[in-house]
Amino acid sequence: MNWVIAIIKVVFIWTWCLLWATVMTWAERRGSAMIQDRLGPNRAGPFGLFQPIADGIKLFTKEEFRPKTARKILFNLGPILFAIPAFSAYAVIPFGDKIVIGGKEILLQVADVNIGFLYVLAIGALAVYGIVVGGWGSNNKYSILGGLRSTAQLISYEVPWGLALLAAVFVYGTFDLRQIALEQTGTFLGFLPNWGVFKQPLGFLIFTVAAYAEANRVPFDLPEAESEIVAGYHTEYGGMRLGLYLFGEYVNLYTLSALCVTLYFGAWNLPYIDMSKFLGPISYGIASFVVFWLKVMVFLLSFIWVRWTVPRFRYDQVMRLGWKTLIPLALFNLLITALFIQLTV
Amino acid sequence: MGLKEDVQNTLGELALDFLECQGDLSVTVPKDKIVEVLTKLRDNLGFNFLSDVFGVDNSVFYEKLAKAKAKKKKGEEDKEEEPQGPPPPRFEVVYLLLSLETNKRLAVKIQVPEDDLVVDSVTCLWKAADWPERETFDMFGIRFKGHHNLKRLLMWDEFPAHPLRKDYPLEGQGEERILEYND
Amino acid sequence: MEVRRPTIEDWDNPGDLVTINIGPSHPAMHGTLRVIAQTDGETIVSAEPEIGYLHRGVEKLGEHLTYHQFIPITDRLNYCSAIANNVSYEMAVEKLMGIKVPEKAQVIRMIMMELARIADHIVCIGILGVDLGAFTPFFYLFIQREEIYEIFEWYNGARLTNTFGRIGGVEADLPEDFEERWRKLLPNLKKAIDETDKLLTHNRIWMDRTIGVTAFSPEDALSWGFTGPCLRACGVKRDLRKDEPYCFYDQVDFEIPVGKHGDVFDRYIVRMIEMEESIKIIDQAIKIYKEFPPDAPLMAKVPKIIKPPVGEVYSAIEAPNGELGFWIKSDGSDKPYRIKIRPPCYMVYQAFPELVQGEMIADLIACLSSLNIIAGELDR
Amino acid sequence: MAKPVVKKKYTLTERVYLIEIIKGLGLTFKHFVFNVKASFRPGPHTVPTCWQYPEDRREIAPIFRGAHMLMLDDQGRIKCVGCGMCAKACPAQCITVKRGKVAEGEESKYVGKTYPEEFVVDLTRCIFCGFCEEACPKGAIVLGPEYELAQYTREECQLTKEGLLANYYKAKEEGKLKPPKKPVPVAASAEPVAKKAAAAKKAAPKKVEAQGAEAKGDAKEAKAKEAEAKKAEKEQKSEG
């Protein structure tokens, strides 16, 4: 029975991710419109909610165009290489506590591995291949520039990102994401919720900034900076290949937000309230899932919010911020955390 | 005022002709001395800003004036005959100068005959003359000696004619490739 | 302090450089501009602008149209502020003919020109924001631009290509509800400018992107023939509205903002302040306008068919982009013998290779937007 | 090549990215809340700046310069006499007028003794400057309120007499005919007007002067227009 449950969980989380990726495209457009005194797409369905479906149909039915000079294999491989890590990174992130059906305890997580943390880091680093391969395979100068910018940016920001996560690991003492989530119950210093953000405020800040860079979002959207290099690595792409890139990006956002919630915002735990005490086994599972998802939504919306507020960095400024500001800060954070733990334990 | 006197004093013999129209003063100078004249004007009279450089094709201008005169003469017929000199040079290059201190403007003109379409470039004095000179070359075919990059500016490089010359028709001469669309 | 930037001579084999062809159809190329850039990584070693993609032969066309018929053609020069072009051309013809324009018409021209200046600066700043990745101020500002166009529309029926004014005056009095519209627009406009300021000016990302980028010295700027906001950003206090006043500019009180370094940030700030100064000018101009009786003349006595005497004049005004001049030579017929337009951004854009040399690709885009190059005016 | 280096001292709030960004976030959030609230208002025009185009249209100015129309007078007669002044004034040369003599028995259809046998406005060429309207001595051609000018073929963009009249009927039905244009006061003489500084003081006495001037100017202008129309008619006759 276990493998049936596993398949159900995989299918569920895939469709869930895809669903929210599509909803995100809608939210992005409507949200930006609302910020900018516009209305946004409001014709397809109520509030324009069916717009992503229309977009999907458009992407699917569009001609699969490939430039003559592009490298066929790499060109086709690029979007796939980008989308697969995006979808698989979510495997280890819990999306709820556990649900008990018929006496059987089901963890709301596809795979509960004890090094889930490292898995996310490793898979996240793979996404850069999709961008580079796509940019190179397109045989276009703008694409290759976008690909190169992306490589440099992702690799640079993985360092402060990893260091910030490392500090979190120091605090929790485990690589297991479920364990980390479970530790964030109760209160911290007596009055704060026992969430990572209060123990690691600096770490959280570094993590967020680096997450924006990892997700190629404004102000770090250099790889696809429209006004400079047209569309960056996906300049030559169209149809569903482009769709894979776009979907992958939103799924990445979802994963990053989920990771952030898991690490710093108490996963499915509500502050000061222990839901498991007064909810039944099934309803508790569902409630934990909903709480987790709501927290993720807040983060997703913040991505949109920031995107339509700030301008874009320049390439060298991104590098300067990453290497000269974030890494020293992250190291400092690591040092303080280590000292603190050494002194208190 | 006294701008005319100033210019006269500064340029001396180099000022061949003055034209005043609605307060705008323009001075005609010899073609080969243009760099010298502009340097003098810049250094002595403070015309330190080059507004524009452009060409004029006068081939039709004198004809039109003569026609207008002829029309008038029919009525009067008593004026003395104008001395028939050699026809004035076809082209003119005009340099619009401006003094930032006194806010006075001066147009310096040189006459360029059709058989000697080479003028000294003034890019050594003002960098601003770069594109205007290229445009003058493009539109009138006047070459500028000493310009670092004298090629066509607005028209494409293979364009065979100089479109602002008066003998070039408004509709063009069919240089543009005629595209045929198949429905 | 100065730094040396690499030039193309530093490379033994210039083939090592990557040639990037930016434009003529590129998201950041306003209209149809094209820059061929030689880059070393992201750094631009040399850039060569290629213009003429929007060349419509306006000067040639002018020789075949009557003086009046050329007015709508001038709309199409700097289409962001068509009114300034119209007025500049009309003033040149009026100077040629020695016409004195009635004062009320001059005030109306002044009000309209300042509105056009605000509209033009809104476009420039909005696009600069978009090109640097900040989309939102663009929308806040453009909505107000629409409102300004509304005023134009209720004045003479057109929004973008206004064909404003006639030789010798203006074609209509200001509509009765003009001031009401202006008063309604004013707080929103001020708010939009303020919000743009809040979103951009002190944001460090914006400052990093603009301060020191494509800085230019005043000597260079004068030598290259810069005028308008680009020159003022370099620190030269020159504005034709003050230096060679026309209309009623010597009667109103306004400041000329001056920058220091001539970088993108200074150009942006100069334009921002100029918008506020324009608002001040309009307020004062409306006061002057109200002193005229409603039936004061709006047109000078102009013959139906305009035949200026033989002669040549140059007349320039301070268009939003800088000195916009018309040199007109007349042969006494009803058509100009030669019209030469001195577009401001033409002079600015020729310095582009020197401006962006040694900067990065992203700076090239920022520089281009901050210079406010309008292809219609550039190529004519 | 050497370039000046600009270094600006940042204040502390500028140096730390976050403070200014958070201020900006607050500003955008205000807009967000305002617009979300606004978008729940009833009616198509919810967010004040967005027009839901086909249903919800902006009010256009009564003097809007859209597609041309051929005016009729009160008795439903075509005002145009086919003089061709509009075609002459047009900078884009988009108007073609062919003049014909009014046949017997058709006098009730036209104002003048001549009429436009053919009147074509090529909208693909037109630049909507409104000079034809100004040139017309009879007020017969007017730029109307119609602005939806997209067509499928070039032929449809040729606005013939029927099309011009249809535009007129449509505008009349919708009550969007232009109000009569106020005559522009013309200065009495070509003499330079009084000095600027004295403008305010002289305003009162000028008034009387100007009124007289206006009346004179109007009469003269009308006369001049008529004379020119006649001239044009003659010319066309001689050509024909």
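Chains here go by letter, A, B, C and D, matching the order in which they are written, and residues are numbered from 1 within each.
In the analysis below, a contact is a pair of C-beta atoms (placed from the backbone, for glycine too) under 8 Å apart; a residue touches a chain by one contact, two chains touch by 3 or more.
This structure is a prediction, so every number in the text was calculated from the model and none was measured.
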Most distant chain from subunit A, judged by the mean position of its C-alpha atoms: B
Two chains sharing the most C-beta contacts: C-D
Chain ID, smallest distance between chain and overall C-alpha centroids: C
Separation of subunit A from subunit D, taking each centre as the mean of its C-alpha atoms, in whole Å: 54
Chain centre separation in whole Å, for subunit B relative to subunit A (CA means): 65
Centre-of-Cα separation between subunit D and subunit B, whole angstrom: 38
For subunit A paired with subunit C, centre-to-centre distance based on mean C-alpha positions, whole Å: 45
Per-residue overlap in subunit C, given as positions that touch at least 2 other chains: 136, 140, 143, 199, 203, 205
Sequence positions of subunit A contacting 2 or more other chains: 35-38, 308-310
Junction residues of subunit B - those touching two or more other chains: none
Residues of subunit C touching subunit D in the complex: 1-5, 7, 65, 68-73, 75, 99-100, 102-103, 136, 140, 143, 146, 153-154, 156-158, 161, 163, 169-173, 195, 198-199, 202-205, 207, 211-212, 215-217, 248, 250-251, 261, 263, 288, 291-293, 295-301, 304, 354, 357-358
Touching residues on subunit D, where the partner in the complex is subunit A: 21, 24-25, 27-29, 31-32, 35-36, 39, 46-50, 52
Subunit C-touching residues of subunit B, taken from the complex the two chains share: 19, 21-24, 26, 48-52, 54, 56-57, 60-61, 64-65, 68, 94, 96, 100, 103, 105, 107, 126-128, 130-131, 139, 152-156, 163-164, 168, 170
Parts of subunit D lying in touch with subunit C, wherever the complex brings them together: 1-8, 10, 13-17, 20-21, 23-24, 27-28, 31, 49, 60-61, 63-65, 89-92, 127-131, 134, 143, 181-182, 184-194, 196-197, 199-200, 203-204, 206-207, 210-211, 213-214, 217, 224, 228
Touching residues (chain side subunit C, partner subunit B) in the complex: 51-52, 55, 57, 59-61, 63-64, 95-96, 98, 220, 222-225, 236, 238, 243-244, 310-314, 316, 323, 325, 327, 329, 331-333, 337-338, 340, 342, 346-347, 349-351, 379-380
